[in-house]
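You will see chain A twice below: alongside chain B first, and alongside chain C after that.
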Partner chain A sequence: MTENGGGGPDVTQDLRVPWEEEPGDLYENAPCGYLTTLPDGTIVRVNRTFLAWSGYDRAELVGRRRFRDLLGAGDRIFYETHYAPLLAMQDGVHELALELICADGTQLPILVNAALGRDPAGLPRVVRTMIFKATDRRQYERELLTARRAAEASEKRVRALQQVVADLAAAPTAAEVAEAVIGAPAAAFGAAGSSVWLVDADSDQLIALAGSRPEAIEYPDIPLGSPNPVAEVARRGDLHVFGSIAEAEEHFPVLGEAMRPAGYRTAVMLPLTAGLAGEAIGAEVLGVLCFGFTEERELSDSELRVVRLLGHQVGQALDRARLYDAARRREARATFLAETTRSLEELQRLMPRARRLAERLVPEIAEWAAVRLQIGPAGLVADAGGPEPDPDRLAERTALVVANGKAEFAEPGAGLDCAVLPLSVGGKVLGTLALRSAAGRRTAEETAFLTDLADRAALALENARLYEQERAIARTLQRSLLAGDVPSDPRFAVETHYQAAAHDLEVGGDWFDAFLITPDKLAVVVGDVVGRGIDAATTMGQLRSAIRALASAEAGPARLLERLDRFVERVESARMATVAYAEVDLSTREMTYACAGHLPPLLAEPGGSPRYLLDGRSGALGSHAGRRTRIEHRTPLAAGTRVLLYTDGLIERRNRRIDAGFEMLARAYAGRRDAPLPGLTAGLAQSLVGREHGDDVCLLCLAIGTEDRLERSIGADPVQIALLRKDLRGWLLSHGLDEECTQAVLLAGSEAVANAIEHGYRNDPFGIVDVTATISEEAVEIRVTDRGDWQAAGADLSRGRGLQLIHQVMDDVTFDRTDGTTVTMRRSRGEAR
Partner chain B sequence: MSTIQRHAITISGKPDGQPMLFAHGYGCDQNMWRFVAPEFTGTHRVVLFDHVGAGRSDLRAYDDRRYATLDGYASDVLEIIHDLDLHDVIFVGHSVSSMIGVLAAAREPDRFAKLILVGPSPRYIDTADYVGGFRTSDIESMLESLDSNYLGWSSAMAPVIMGNPDRPELGQELTNSFCATDPEIAKKFARVTFLSDNRGDLAKVRTPALILQCTDDVIAPAAVGDYVHAHLKGSTLVAMNATGHCPNLSAPAETVAAIKAYV
Partner chain C sequence: MTDQWVTFAKVGDAAVVRLTGEIDLANAPAIGREIVRHTGRAGAVLIDLTAVSFLDSAGVRLLDSLVGDLDRNGTPIRLVVGESGPARMTLQLCAFRDDLLATNLRQAAEEVNR
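Let's turn to the complex of A and B:
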């Protein structure tokens, strides 16, 4: 303040109290209490103000009491743990709030400042303590504290609510919603425990989703219509708060029983609704949140507001979860339908498809499912799962569905807990799909799904049925085309084999043919039309007929193929067909052949190795690759030569090089050089492709001329005897043997082979029987050799019944047992006998 | 988080000396050892730390569940011992930390050479046949006291203490800044401390122990000291002239002498 600046003279010098201020009086009657204590708190001096406030006599305090002793028990702890350490460390404490216990036992709120005085050595010597009365202030502080506590509790509630809202946003399922909310009552209101119940609209029940106590999740479901308090609150849709067990029992007698074991004395039951706050009335209740407090407690208005808000937030989250769930289920169902369709398409035949359909439905969609096809009087049924429903009632319902073409769904109390849906396409009922749903509940969504499923299944089954039908037609067509007589003549023999693909594949376009162009000219054909199914079978028939029509004595194979090229220009489906075609002049034993894109024929001359005929090759029919003129090749055939024509199914494999196929065929063919012609082609197919083949196989083997000497080796298998007979008969006849003599030789040969198999190879199914036959102007000789042991045959070989027959029909029979057993049988020809 | 930061550990003294681990009691922090610990730096490796929630410890490490019992604090002591690779430890615990040391030594006795227990009490609340010195209502009243004296804490002090743990000088400018801490944690620690009952753990300890019993200690009265002495095998009881509960502050010379005589 500057001189005169304040607008008046400086009067501080004049402002003195008109009496002498005495220090003792100032101390004793100061407006605050003074205490002087030793470092351990022992009171050594106290002023009058303090004595007046506290009601103690000076003599009671000085030297007798410590400051600490004047405090309440709680403050005494505070003194020891906070006050005294602070004083020791910072030489003073400031504005500590304590309660002074007065002489009359009343408590006086005080504020305390204290200073620690040290001696010259720095050791504590004295504590001077100043005490202020703080009654009003402490009252005010208490109010502040209460307000702060309320604010903190409110903030805690809001924080808890915010946390719940954040958690709910990340909870896509009802279970996760329940998990997120289960801790909220404890966090926000200090509840002792809580449980979350979900209304399941499909089953009309309340399901316990979560509980703060482990056994909560085991709570049984509560029917929504039951008198259970949870169900009651869910029906009413408003918040119930029971501040005591008595109040709870007043409303719900059973609620007290639930509260007591949990130790609850206050219970809150909050409906979880999806509507906005304020629209609670009439909003759909999606669940109930229950929580309890161990004390009797009233919820303040602000708490109730938060409770209601919580209910709406959780309700909305449940609603969201319900939508997510529906979307997820729809997606899963769509995926299931798509996968079912795809899975059914993997199979082409009808019953396998029906079986797969039933198997796919269990257990994902149904506990039990049956696909019944209207085929035959009883129908064909494929089912899966179980247990099966009552057969009579099912039959009744099935008949109804077939008659009306309308689905019948399981209705509660209808006696039959399964749905039956028609499998119909274009109004035609192919069969029925019956199933007992795994979910056990029927919703519009479920009904739509099952209908969709039945429609798709019907389409897949109809396609399979059409496929079956076409396949049957094609097979019939193919069989009828291939069934034509193969010519026979002593000068040649033809053996054919056709083997259809093993599995559900359509018929192929493979074919063979053999026909006489002129009495002296034989044509043999093996071909393959591109594609499969009824079209391929038809085309094959056309090509087969065309070849027969176009073949002529003058043309020859090359000309024939050129004419076929022109033919396929008009028959598009025959384009790219392959053909191996050969003409054999039976008088000169000369063969002319040509291959149009077909695999090369395999030739085996007696005593030689098989070789592929690689000449006369040109492109597939109608391919127009290179020249328009076809080439052919001519080769003489020695008597006894065999020529094999075949289609690619015999040697081609997806995982094998074609060279390896050629090699395997040549080896198998060479191994059967001495096998009888009958059965040869079937045997080759058997050993090269077996049963599990994926393609049609067609073979034709032509044997030309007559061997002078027949040499055959057959396996020790009675079936082989018939084949040998056929072979031997052809050979004998081709040499002009008369019928009686032929019969005799066939009988003797067969018996001798039968003996060799039966006795010689009794213990050896893989033994080989060699048969040799020679013929001269005078006689026929046949020799049968085996390398078996004949152990079990008995002592006298010549006594066997077969041998008796042999002796009867043959002129001369000898046995040689030096190396195995050889029977040599001889018979004179005709009149020479 | 390293225990160094979590517990604001300070290490001083002889690097290869036998380690002395000083644990402060309820109400304050490692400052409580300011007159005692320096007396051992010439001979020992002196390790001071703050319990989580006290002093300059990392308040973020406070976990309601971990610190719901004294076992959590005992685990902290063992973690410090492991992290610093301390062996043959002389554990000096004041007040509640005496019992924290008892729990730690019972769990891993191999690490401890001696226990110095300053004003130990295994149970503060009286029972029919045990005198702890307090009734439950006293503890509630003490919590009230805490509330009254922490009124200004959150507005004025919290930002300083919590925001600048590396600048304690800011805190020291404030009133009663020593021992200041988050009142919520202080209350929880108070409950854990004063409602604990670790009488059964005394028998599990086989580490030699020195009990320093003050005169006229309301927190741990003489009867309690006798109880501890009787139930802690191989313990030595020294009755001190010092009064109150904090001889480490009120009578550091006597305290140091008693400890030195024992170690």
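Let's turn to the complex of A and C:
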């Protein structure tokens, strides 16, 4: 390598500067401070640069101060705990950042390097310290830190916002949107509290949906047109930020009053709009989000951007919720209408339907509802809920609606806060539906819903009214047809019972009839027309009349049925009707009977078991499939025989075989063989079907001839005495007993039975009293037996009067107390008494 | 519930009680309560038994206690029983005082107004 052979100077050698570097000058004026201290830190030498930076005189420092004396309090501790130990252990420290306290008290950021010099023995001798001014560097670090904190805050905001957006996506209602967003200002910006207001377009009000402070929920609704700051912001549609109470009061004097109790010194009021960012002007404001900070603070641009973004996100969620709400409400309303119609159809009668309608409306649709029907002079009313509105105003409005057939809705300030709708079908106003909506708001949607509801209700009520009308006609018709007095004669007695179906079913076509064809020929009928309602009742009336017209002394049951068949050819509704028909010759006591598709009569002879009369059977009237040849059957009847005719409601049950029904009837009938005829049919119906039966039941019992010996058993129930008396009276009269004598026997018999019940069976409501009566040309004898316990009887004066009466009206009275008590009473039939 | 056996009317300040049908152990107590309820403040009581088709000792007991109560209060009472019939028979058998019995309503009304 040649000297300067075309290359640069040799860099390994010091460049020679054009002037002499004097070492002292280099030390004193170096671009850094130098301090030389003893191991304990006492300054022994300091350069001019350090003195210039720190503002101290050399004399103030050298020999007088230690390096640590020039540091701030915190750094002094750091010096003792870290700096000095590091120096001692490592013989040096590097780039330690400290604050130097200058002579004027200001702080100067410095970086320090120091080296420890040792003597040959290795003991610390001197510390050389080099000090760099770090003002700029510190500034830079601080900025870095601030930037990092800002980035962190921004990230936190973004995270909070992301969380809110995620929550909003899953919030289907305005309330849930509010729930999702209420915590966002605290999470994103460190706000102290917030509240969410929803614009309710129906009522032009702002409604507090949620608040982070509990009292927020109790905020009253704010009319959209009011000067309230929340309403003002909703109207303006732009973001308001107030950095201090003073600033807030400058815009809205009342806002300061709201901020102070909450401890807010900064308030943000953010309109919630569905439009995109940037379209804020003119976008529909769906709500307002308010939040506050306890400190006075400015919001940075990036924060404001996030705030606006939040406003849009929430606005869009509210918009979605509004659509969901509308859809859900429509669906709920449709379901309600369908269920109401179905529920009304469960009831057939008018008032129950009207009542159910009113009950369904409260509280789901209305606080109070009244269905008023224009039926009868005063009208019929069914209402539910409350409180009721002013009756005069309601009557006024109701009259208006009835007159015009047009609905009147509640108008604000109209004085009557309820809607009245006409219940009309085909232009005829049946009544009105008045209600006070639970929501108290009127919208087009609500109006349409109520109109729909009133229309459906009107149809249901009109159907019920028609049903009711038809039912009333049918019942009246049926009653008038069944009411006719059955004939009576000492030679026979007829007992009937008609029991309408329980609940609100239509009338059936069951009927009974008994009439004398000639003075010696009795006809008895029980029949059943297919179907129910007014048609069945009318047809039943026609058939009943036809049978009365067609019955003749010569024809007999089979001929009568043949003629009825011809009648049915012309009266289609009578087709398939069933009839049990019997004629009894009262002089010969012979019965001829025929059954056209009807259940067989049940015959009970004195002392025998009941048996069904299974002959004389042919098909139902007008039947195509049944046997058309009408046949009849004759049977002699012993005196005292009873024949029971009945309709299928008595024995037929859906869940029971018909033969079981026959068996039950025969058993029940046998059990009452000795019961008085009066009350017998009602008793059978009671025990076989009860009151809660869904079908009509019709019974006719014919008792033929006069028993020579009357034998009856009755339960220990005072009500039974009258039935026995009726039976006994018929028996006595049929034997030609005179009135006075009859009265006497009835009184004595009644008193004896009453004694048996009141005393013999005073502890036994299930006791049985047997009554036997016999009659001869000379005398009547009646015997009353009970198996009760008569102890302490006779002490009762009132009963004594009964016994006294017996003795007075009867000639001969004997008591037998060997087995229970038997009273035998006898009275002669002679005139003279 | 007792309507089928008992109805009430007024003639001046006299209460008229019309009994119908059969009066016996089964219905006498209820009828008695009904009569007491309706005649409490009447100036006189006329009980029309002409339409009664049967009267037993329970009915007699009812009428007897009614007469006792009214006599104690000084309220005039008459039992209208017609010329004959089940009610007259039973009451006569029980030896009711002749001054209590009247044959028709007009006679009874005149008697109590005297």
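General remarks:
Going forward, the second predicted complex is superposed on the first by the 471 of 833 C-alpha atoms of A that agree within 3 Å, B and C clash if a C-alpha of one lies under 4 Å from a C-alpha of the other, contacts with A are read in each partner's own complex, and residues count from 1 in each chain.
In the analysis below, contacts are C-beta pairs under 8 Å (C-beta built on N, C-alpha and C of every residue); 3 or more make two chains touch, one makes a residue touch a chain.
Remember, predicted model here, so these are calculated numbers, not experimental data.
Contact with chain C, but none with chain B, is seen for A:S750 once the two complexes are overlaid on the shared chain. Of the two partner chains, chain B is the only one that A:M89 touches; chain C does not reach it. In the superposition on chain A, A:Q808 makes contact with chain C only, while chain B stays out of contact range. Between chain B and chain C, the partner in contact with more residues of chain A is B. Using the contact criterion defined above for the overlaid structures, shared-chain residue A:E758 touches chain C, although it does not reach chain B. Once chain A of one complex is fitted onto chain A of the other, the partner contacts of A:P39 are limited to chain B, with no touch recorded for chain C. By the touch criterion defined above, A:Q163 lies against neither chain B nor chain C after alignment on the C-alpha atoms of chain A.
By the touch criterion defined above, A:I721 reaches chain C but does not reach chain B.
When the two complexes are laid over each other on chain A, chain A has no residue in contact with both chain B and chain C.
Per the touch definition, chain C reaches chain A in the complex via residues 22, 24-26, 54, 56-58, 60-61, 86, 89-90, 93-94. Residue ranges on chain A touching chain B, taken from their complex, read 39-41, 68, 72-78, 80-82, 84-86, 88-90, 93-99, 124, 138, 141, 144-145.
Contacts from chain A toward chain C in the complex involve residues 717-719, 721-722, 725, 740, 743-744, 746-747, 750-751, 754, 757-758, 798-799, 801-802, 804-805, 808-809. Only residues 25-28, 31-32, 34, 95, 134-135, 137-149, 151, 175-179, 194, 216-219, 243-246, 249-250 of chain B touch chain A when the two sit together in their complex.
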